[in-house]
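Listed below are the structures to be examined.
In what follows, subunit A forms one complex with subunit B and a second complex with subunit C.
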Partner chain A sequence: MLAKQGTAYYVPHGSHWPIVGSVGLFSLMIGASSWLNEAAFGKYLFLVGVAILVTMMAGWFGNVIAESEGGAYNLKVDKSFRMGMSWFIFSEVMFFAAFFGALFYARSLSVPWLGGEGNNFFTNLMNWESFQAAWPTNGPANVGGDYEIMGPWGLPAINTLILLTSGATITVAHHAIKEGNRRLLNIFLFLTFALGFLFVGLQGYEYYHAYHDLNLTMGSGIYGSTFFMLTGFHGMHVTVGAIMLTVIWFRTMKGHFLPEHHFGFEAAAWYWHFVDVVWLGLFIFVYWL
Partner chain B sequence: MSQVDTHSQHDHHDHGPEKGLKRWLFTTNHKDIGTMYLIFSLVMFMTGGAMAMVIRAELFQPGLQLVEPGFFNQMTTMHALIMVFGAVMPATVGLANWMIPIMIGAPDMALPRMNNWSFWILPFAFTMLLLTLVMPGGGPAGGWTMYPPLIQQTGIALPFLIFAIHMMGISSIMGAINIVVTIMNMRAPGMTLLKMPLFVWTWLITAYLLIAVMPILAGGVTMLLTDQYFGTTFFNAAGGGDPVMFQHIFWFFGHPEVYIMILPAFGIISEIIPTFSRKPLFGYESMVYATASIAFLSFIVWAHHMFTVGMPIAGQLFFMFSTMMIAVPTGVKVFNWVSTMWRGAMTFETPMLFSLAFVFLFTIGGFSGLMLAIAPVDFQYHDTYFVVAHFHYVLVPGAVFGIMAGVYYWLPKWTGNMYDERLGKLHFWLSTIFVNVLFFPQHFLGLAGMPRRIPDYATQFADFNMVSSIGGFGFGLSQLLFIYVIVKCARGDVKATDKVWDEPRGLEWTLSSPPPYHSFNVAPEIK
Partner chain C sequence: MFKLVVLALLAAIIISLGSGLVYLYKDQGQSRRLVKALTLRIGFSLALFLLLFLAWALGWIQPHGVLPPG
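Presenting the complex of A and B:
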């Protein structure tokens, strides 16, 4: 069934999905911009864009899955996919690097400077006289009002445990797929994305708790900004990763993948490990230290 | 799946392109996509150029003549965004699409459908960006660097600007991933890394840079958006943030970005000079290592754009010296180009003329860059026309001339027809003379203290500004000739041979002119 290496590299001919995706992206972006500008149609245009993009992804991935199951991809195509996914994950790492960079910059440079460190004595004296630099902070102007910090050892520690466990369960699932143990595969893959969605749910609860009990919001100065942007983008990535794993689970249930040929599974697994590692960075630098 | 099965058995040559609009909308063919990138880039080049004409017309004389200051600022901002993201980058990606699969003996790009999407995002992104010009309050006017807090006065255009940049970023990242994967996975047997043409090498390194820094830009502009609309304080000191932090984030992207624009041009020049010197490239391996060194250094020099913003002295020294180090690998490259020509049997067709101008004029831009790298000296030049002269020297007779050289070099291969050599040379001479008339006086204006991005100036600057504007109009009009030469070539009747030039090196010259719709279904053997 699978093409062997040495046969022609599969070059697809003509696909309407990319242009559909462009129209969807355009609609989504125009919609989001208009929504932010409080235009009434913005929200609807945004949702239309989302719908088009979801349709595009279903159709495009559908094509790829059908081609893969039909044996169109040789090992060289498989390698292209692997490299492509690795570099995509690298680009995601760099996206998070921007926000981690902002966090480190604020913690080790801008906040101490506001407190008068280095040659910034007069910055502190003239602009923010009573401000004592410390982390976490919502800045010398007490932006967003008094708040409480989100400590590491409650829900965040449980969430860490959940994600680390999911990293283990997906490894079990990976061994199972390689050994052809489909039952074990289905169970552990299910466990993985179930833990993923549980994580997202708990994270949602944490946000609710932050907004309603701690007065910790996106507007709580630089602490609130970095906290919510980092954990928020991470949560979005966990959601995407869990959806990917769910799709892969439906495919394993249908009997897709072979012990030696299961790039789709591995791509989702790599992505899952990526969100796992980002979380460890978050837990250490956002919650703990 | 019968369709798939027959596909893998059939010879690909019986697959012609689709007919009509569907060919261009749905195509997965690297040549079609490369052509679309190049045409799109030309359209954007003329659009951004028209904005430059507005700028130069306003600056023709002191005082406010033609446009409102606010509109002037929109023009400088949009000119930069369009030229960087719409003209130079898509042009080099177009050349990469056309040439890399052919140069490494691959059947196509590694991920052909994604290749289509990379391109087709761009027209939508730039439609969105250009739409801001007709919105209430106008387009973004805070400069392409988008520094807060100024950019946050943009009004309703701000989210459109930011989301347009996100779309360009998505397109660039997908395009770059495709190029890396193509080069790493699709080379013909025997094409080891150090046998690759230099254009392929420079693009491989460029693609790494793109994947590393486009997400940083995306993160930075996202923070601008949330600061504006969701109450975050990344760039607001009252909340513990810092507007200078945006500059760090932006230039961590921005400095590698300038190499993203110039490295592919280095590659093109390194293909052309050997052909017209009839000698192999001098110091091939050192060229590869020099390119890699430049790329590495580009990550640790960013704050030389920010010397005047306030920085600890240790930071100023670090960024000053690291910046000057870039002169070493760049010097290696210039030395190698000159050495390639040394005792070569040189001829001076249009691509070679553009390459020679590149070597001279890019080097002028490089030297003024060295001057700007010296922190105490930069305090005088910062945000003056000296900076404008510097980066236009590296980008116009640098990157743009490199692209034009590549277009003249490969146009006969793409179209199967020779371009009009006489008109090509005329285009070269007009461009080269006018580009110097345009930008050289700006050095003097800057050294005398004329600030950039201001629609009016003191009368002492009048003469050089008038000269510069005349050069600008001349350069702009000369590009109409470029379009004419391309169109004439595409419709032309003087057939090009397969080799086109005397002794060109590289797999592209082993194919017919124009190459078949699908080239290298059977990988060539590289000795």
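Presenting the complex of A and C:
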């Protein structure tokens, strides 16, 4: 650990994991899109992609953990990790900003325009005469047929509470790692990712409910597509965050990390808070405001 | 009016989360500023959720209505 660290900046050489990861991602995406287009090989290629990706994660994480525990990373390398993390978060913020932006644009600008707002009186008169702008909507053409919207009390509120609870448990775990209380750390970290996976499961059930009971689908006009795009990508991020926390939990169980030296934990914990805040934004803007 | 309170709390959440990222970068695990910022973050978030529930129960705020005529 720290005591063993040298002054040289550690640079890893000859890692084959980036190319393995690229091949895995390529197979996964080609497989997924072929599967969606009902090509027979799609499903199998997708599963091969998943297998390659899981192998890459296990291998790459394993290398990095071994280097960290072997004392290869000094404070300067640690700083680089934090800088990398910051850029990653910047890209994530931009990613979600674009999707929230699409929601706001549709709600506040393009749908009112179709209804004749601003200088668009003739747009409404000539194209969609009977359309009165409102939100939620599936547009003047009633794309996808009638549907019901997802109400906020019920599963979405339960899911919000689950995610907020996981935000509280990760905070307890964070205080515990700073105090050196390993038992508390292990228990609360476990609770955090368990709640995270529970959230993803319930989100899957919510989608099932939307498709089968509400006729709210990705084809339900602009409300349906923004709803599934925002909540879907968020769900993917929860999955990624929960995987990170699971890996970190295996490490804390093995006794890794010190109260003053635990970047892996800090990064995963901060990311978890970030994903939680994105959900809160979704809950408020999609369901309430 | 109540929506402004919701937005203000959301801003407080984002600021505490953002300050946490700054401490994550600067302090390199040597301080308690990150965990304090994140504790504030979850505190504000729980407060917002409870407030929303209360406001709904008291009729101050309504979720989006049902689908209007197309």
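Side notes on the structure shown:
Note that the second predicted complex is superposed on the first by the 272 of 289 C-alpha atoms of A that agree within 3 Å, B and C clash if a C-alpha of one lies under 4 Å from a C-alpha of the other, contacts with A are read in each partner's own complex, and residues count from 1 in each chain.
Definition applied: a contact is a pair of C-beta atoms (placed from the backbone, for glycine too) under 8 Å apart; a residue touches a chain by one contact, two chains touch by 3 or more.
On a predicted model such as this, the values are computed, not experimentally measured, just so you know.
With both structures placed on the common chain, the touch criterion links A:250 to neither subunit B nor subunit C. Of the two partner chains, subunit C is the only one touched by A:280; subunit B is not. The larger set of touched subunit A residues comes from B, when the choice is between subunit B and subunit C. When both complexes are overlaid on chain A, the residue A:219 reaches subunit B alone and has no touch with subunit C.
In the overlay built on the shared chain, the residue A:79 is in contact with subunit B and with subunit C. By the touch criterion stated above, A:138 is placed in contact with subunit B and with subunit C alike. Of the two partner chains, subunit C is the only one touched by A:178; subunit B is not.
By the touch criterion stated above, A:70 is placed in contact with subunit B alone, subunit C being left untouched. Note: residues 79, 83, 137-141 of subunit A belong to the subunit B contact set and to the subunit C contact set alike, using the contact criterion stated above. Those residues of subunit A lying in contact with subunit C across their complex are 75, 78-79, 82-83, 85-86, 89, 131-132, 134-142, 146-149, 151-153, 157, 160-161, 164, 167-168, 171, 174-175, 178, 260-263, 266-267, 269-270, 273-274, 276-277, 280-281, 284, 287-289.
On subunit C, the positions that touch subunit A within their shared complex are 3, 6-7, 10, 13-14, 17, 20-21, 24-25, 28-30, 32, 34-35, 38-39, 41-42, 45-46, 48-49, 52-53, 56, 61, 63-64, 66-70. Listed in rising order, the residues of subunit A touching subunit B in the complex are 3, 7-19, 21-23, 25-26, 29-30, 32-33, 36-37, 60, 66-67, 69-72, 76, 79-80, 83-84, 87-88, 90-92, 94-99, 101-102, 105-106, 109-111, 113-114, 118-119, 127, 137-141, 143-144, 217-219, 221-226, 228-229.
Every residue of subunit B that touches subunit A in the complex is listed here, in rising order: 1, 4-5, 7-8, 12, 15, 18, 22, 25-28, 106-108, 110-114, 116-117, 120-121, 123-124, 127-128, 156, 159-160, 162-164, 166-167, 170, 173, 176-178, 180-181, 184-186, 211-216, 218-220, 222-223, 225-227, 229-234, 236-242, 244-245, 248-249, 252, 312, 518, 521.
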